[in-house]
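Given below, in the form of structure tokens, are the structures.
In the two complexes that follow, subunit A is the common piece, with subunit B as its partner first and subunit C second.
Up next, the complex of A and B:
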């Protein structure tokens, strides 16, 4: 089929702003977008810059925006992307573009990946043979490690949009891989360092990472798993732990969230200064009629007993 | 200008394993790669890594299978190293953090693989390559090995008969820089882009083979080009051998399991060359389905497929929309891996002092004329490690010398000259596609003298036309012009060596099947082909096969 590819061109050396350049190409509808870009580079314009390697969805190098949607170019066919004979190809959005579709992967991807120290530190001395590990654990780790570091989850992350320094779901998923590995001997240390600022507690659990992951790895749930473990070893700030516990306790007791109590618990009942700090906010809420009822007036929701039963079942498990 | 004791070129298994070994030996080593190491094509190795771990198995049995599958062209001393040391190297991978699939006792589980008499392949579902690649990179971070990623190597620095580093283009800036080193390890992988169809990445362009070949190092056994029998039709993506290991059937258009007539004992589990030829024969005799055959999973337990072949299920569905549990998958053979490569000894040393090579770009001679599935990853970790160790020992014994200014100036002038050429209608793409079609048709699963002559003429013609293809510019940030053009040049040089080697070997052995010489001929051809570059094209010489105690026998499956 004849397709016009409208491809983002940006050259820091010659022009300040990116623009779309059109290339006409006769190409199979089953061909991938990466195939098409490679054809353009080899036949029409050798200066066209984009990343891409394995062409089979394993290396994660060719993430870009195709028809306005974040996609892996080698796993996206021309036929499915074309609209009125055209396909637009652009770089992903939330990071500095270096040229055409090439973005600053070092800042976006690799720095964060290194920051979680993603290698296991087994106890010494090492066993003579392999470590004994159950295949169930391996299957879970395998799922996590099927991550190709395409960074679609970070691209979808709502925290990252406001704070690019957040370590992000991709690196945290990688962190989960080492924390969940029974051969690693530094689990507790890791949980403490992952609880530092810009770490796991900055996730706002919007589930966008899970929505965006093409491999079904469920990064959001991996972050929750890390948090649960962190609570157990006392990692994270006292406030964060209080908040986490109060949230659960409130839903367990009343079937829904007691916001007033959450605010008080988070600061800590005996933390007078912390409680005072909340006063201006409380007064503001009061003026707008949005102050939650004091917690001793908070009512259970209908069916709260059933919700409590769910909690108990889960706790037993 | 970066300076190190050792630079490793290539960031896949062999490269990273070499770098880690050199680092552990105390050397100042850095890795250079045209893509980030995590994007290397080792991630596409789905199957697994062989090691005689089970108590019923032995390295000798593994060596036996390897030599037999290689149709007795394997160097048996190297095969012994592979199978004997490989056991420790696989355990070392586990200690580094590789999450091999386990058996009921929590030990590494082993899978049966085509061509092996016992289950011997350590696997991780069907994504061993992707997992091992990540773990090796984790170790690179742990040991703080510097990586120059997205640097494209344009030539080796060879002065006074010694290799002293490489010249590379830093893609982020477009500058040509020298990487001075006492020793260089080539680990650049494959060359599949010169074939179509091929299972290779866009980045597999014969870089290391060509860099060495141009520096005067011979290429060994280049006629041995392995096809993978089952790749997804139209996509060239491997449908892993584990699929047949799990019991998937190969069937033709009449629904017959045709392997019964080609390998009555082992059926689908026959070695790769046997299966590839069987499929091509079925197609040639009119029993194919759209130029291929079908791989049928439907009789297999779906839960087990989920566990053993999740990535295969995902990729086949993603790329062709087929659910392997419900429909048979159309497959055909595609070029998979060169078996020959840069001439090295068991330490990974090439004949040029200071230059080492390992993995897919090298030929230490373990695979003979046909490679067993699962032996490639093993080769990378065993001989990658050995090359790293040997390079470190060598680098410890000599001083570092900087490359001369004139060499850099030459490179820059050569690169600039490329912008003044007038291509006259040819593009990099048009030449590459012509090359790839010729290589597949004439130097593919089956060859003959006339076809090879045509291929030789064609490659010669393409080389001449290549000399006229220009690029608009050389430098600037992320300008792929120079690398894209040089990659094609690398492939043409190496293609010429492949064709010439295939022309001289007048017999059929392993992956090299000559329809005009259908028999194996031990009297004349139990030897390696050795192709060297001369101004008049490749010059062929021969080396004896190292036979320690396994005498050639007839190979049947």
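Up next, the complex of A and C:
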């Protein structure tokens, strides 16, 4: 089929903003977008820059935006991408572009991976015999280990749009890989360090990462798992810990959420500055008749005793 | 048709304007609601699944006894319940363990047969938007509305927008149009509103609130509409904080989905509790006053 590829061209030396350049190509509809870009580079324009290595969806190198969607170029066919005879190819967005489709992986990807220290720190002395890991755990870890570091989860991340310093789902998924590994000896230390600012608690769990992951690793659920563990070891800022404690306590006591109490408890009862900061909004809500009643004024749900029983069972475990 | 109605915590707590609006609109549409009272909070993605799954299994067991589809009016409740239900349906051992350890004492048992639908999906998939259109007495003509779904109503896609249900990706836009309004299409419509990170990262949360409401403003929207009261708490309740934080004026009224439907069905703004918002809805009301109900 005849296709016009509208490819993003950007060269920091000559071209300030970047623009789309068209290349006509006769190509099979089953060919991949990476095949097409390689053909263009070989036959038409040797200056075109992009990353690509394994060509089988294994290395995560050729992440780009194809037809406005974040994709792995070698795993995306021309036929599925073409619209009215055209395909646009652009670099991913939340990252500095060095040239054409090549982005600055060091600053946004590798540094974040390194920050979570994604290697196992075994306890010493090392065991005399092999360190056995249960089948159930290793099956779970194998899934996470299939991550190709394609960075699509970070590209889709909602928090990253407003804060590029957020460590991001890609690195957090790598962190999960070591936290969930029973051979690692630094679990608690890791959970505390991953709970620092720009860490796991900045994730808004919108499931964009899960939707974007081409390997079905489900980064959002991995972050949830990290958080559940972090809460158990008392990691997280005071506000985060207060929030979780209050949420659980009110559902346990009343069967449903006491929102006003949650707002007060999250800031901390003795945190006068925090409470004062909330006061204008609370007064405005009161005037509009939408301030929920907190603590003992918050009515119990009819089945609250049964909810409490379920809570107690869980806490015992 | 009668639904087991799960109103969620926020529609009776931080957004008390939502619950009565939803009930009135359902009544007008002859959608019968059997409200569930003896049920717990879904956990909203804050409670660990280890405790929220049994609490939600308890709710689903009660719905199963009623023999109805469960209706939610909150994207977050919908998302958390759909996910919990998926785990309980697809893993009989897991379901059995919860039945045994958590529900048996009350004489309850969940077999994994319940369907859960948001009011928005019910409007389209069971009531029918064409039928809704016929019932409109005050078309929202001239009103430009930006849709905002709430992430849990769209993701994870294999659960929230499964094969055969692709309309769910644009059902809010279709509903606005069925009510006679014009859609202000915003890129952020399926993104996170910022509410879940308010406690951990207020700055980022407010930046998200500002991004979405400003985008709606730039696209010329008169208001935004959301099927999620948590999004409402953020986009309406914290809009003034976002304005201060970003040093910009936004003034974007945020309507709950049932309010928008109710206005088109002829309810007065007061009946739809339009006065109980943090951001004034006066301009929206004024625009609609020109249209005779």
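Here is the rule we use: the second predicted complex is superposed on the first by the 265 of 317 C-alpha atoms of A that agree within 3 Å, B and C clash if a C-alpha of one lies under 4 Å from a C-alpha of the other, contacts with A are read in each partner's own complex, and residues count from 1 in each chain.
Assume a residue touches a chain if its C-beta (ideal position, glycine included) is under 8 Å from a C-beta of that chain, and two chains touch if they have at least 3 such contacts.
Every value quoted in this text rests on a predicted model; they were computed, and no experiment measured them.
Which of the two partners, first being subunit B and second being subunit C, lies in contact with A:139: first, second, both, or neither?
Once the two structures are laid over each other on A, A:139 reaches subunit B alone.
Could you tell me if A:36 is touching subunit B, subunit C, both of them or neither one (first, second, both, neither)?
In the superposed model, A:36 contacts neither subunit B nor subunit C.
Based on the superposed arrangement, let me know which partner A:150 touches: subunit B (first), subunit C (second), both, or neither?
After superposing on A, A:150 lies clear of both subunit B and subunit C.
So in the superposed three-chain picture, is A:75 touching just subunit B, just subunit C, both, or none of them (first/second/both/neither)?
A:75 sits against subunit B, while subunit C stays out of touch.
Determine, under the contact definition given at the top, whether A:191 touches first (subunit B), second (subunit C), both, or neither.
In the superposition, A:191 contacts neither subunit B nor subunit C.
Does the superposition put A:7 against subunit B (first), subunit C (second), both, or neither?
neither
Could you say whether A:284 touches subunit B, subunit C, both of them, or neither, answering first, second, both or neither?
second
Quick one: in the complex, what on subunit A touches subunit B?
11-13, 30, 34, 38-39, 41-44, 46-49, 51-61, 75, 98-100, 102, 105, 110, 114, 117-120, 122, 126, 129-135, 138-139, 141-142, 145-146, 148-149, 181, 183, 215
Quick one: in the complex, what on subunit C touches subunit A?
Subunit C residues touching subunit A: 9-10, 13-17, 37-41, 43-51, 54-55, 58, 101-102, 105-106, 151-152, 155-157, 191-192, 194, 196-197, 199-201, 203-205, 207-208, 211, 237-238, 240-241, 275-278.
Touching residues of subunit B toward subunit A in the complex: what are they?
Those residues of subunit B that touch subunit A are 35-36, 38-41, 43-44, 91, 94-97, 99-109, 124-125, 127, 129-131, 134-135, 138-139, 141-142, 172, 201-203, 234-235, 237, 307, 310-311, 314-315, 318-319, 427-430, 432, 471-473, 476-481, 484-485.
Quick one: which bits of subunit A touch subunit C in the complex? Just the residue numbers, please.
Counting only subunit A, the residues touching subunit C are 158-159, 161-163, 166, 197, 201-208, 210-211, 218, 220, 224, 228, 231, 236-237, 239-240, 242-244, 247-248, 251, 255-260, 266, 281, 284-285, 288-290, 292, 301-303, 306-307, 309-311, 313-314, 317.
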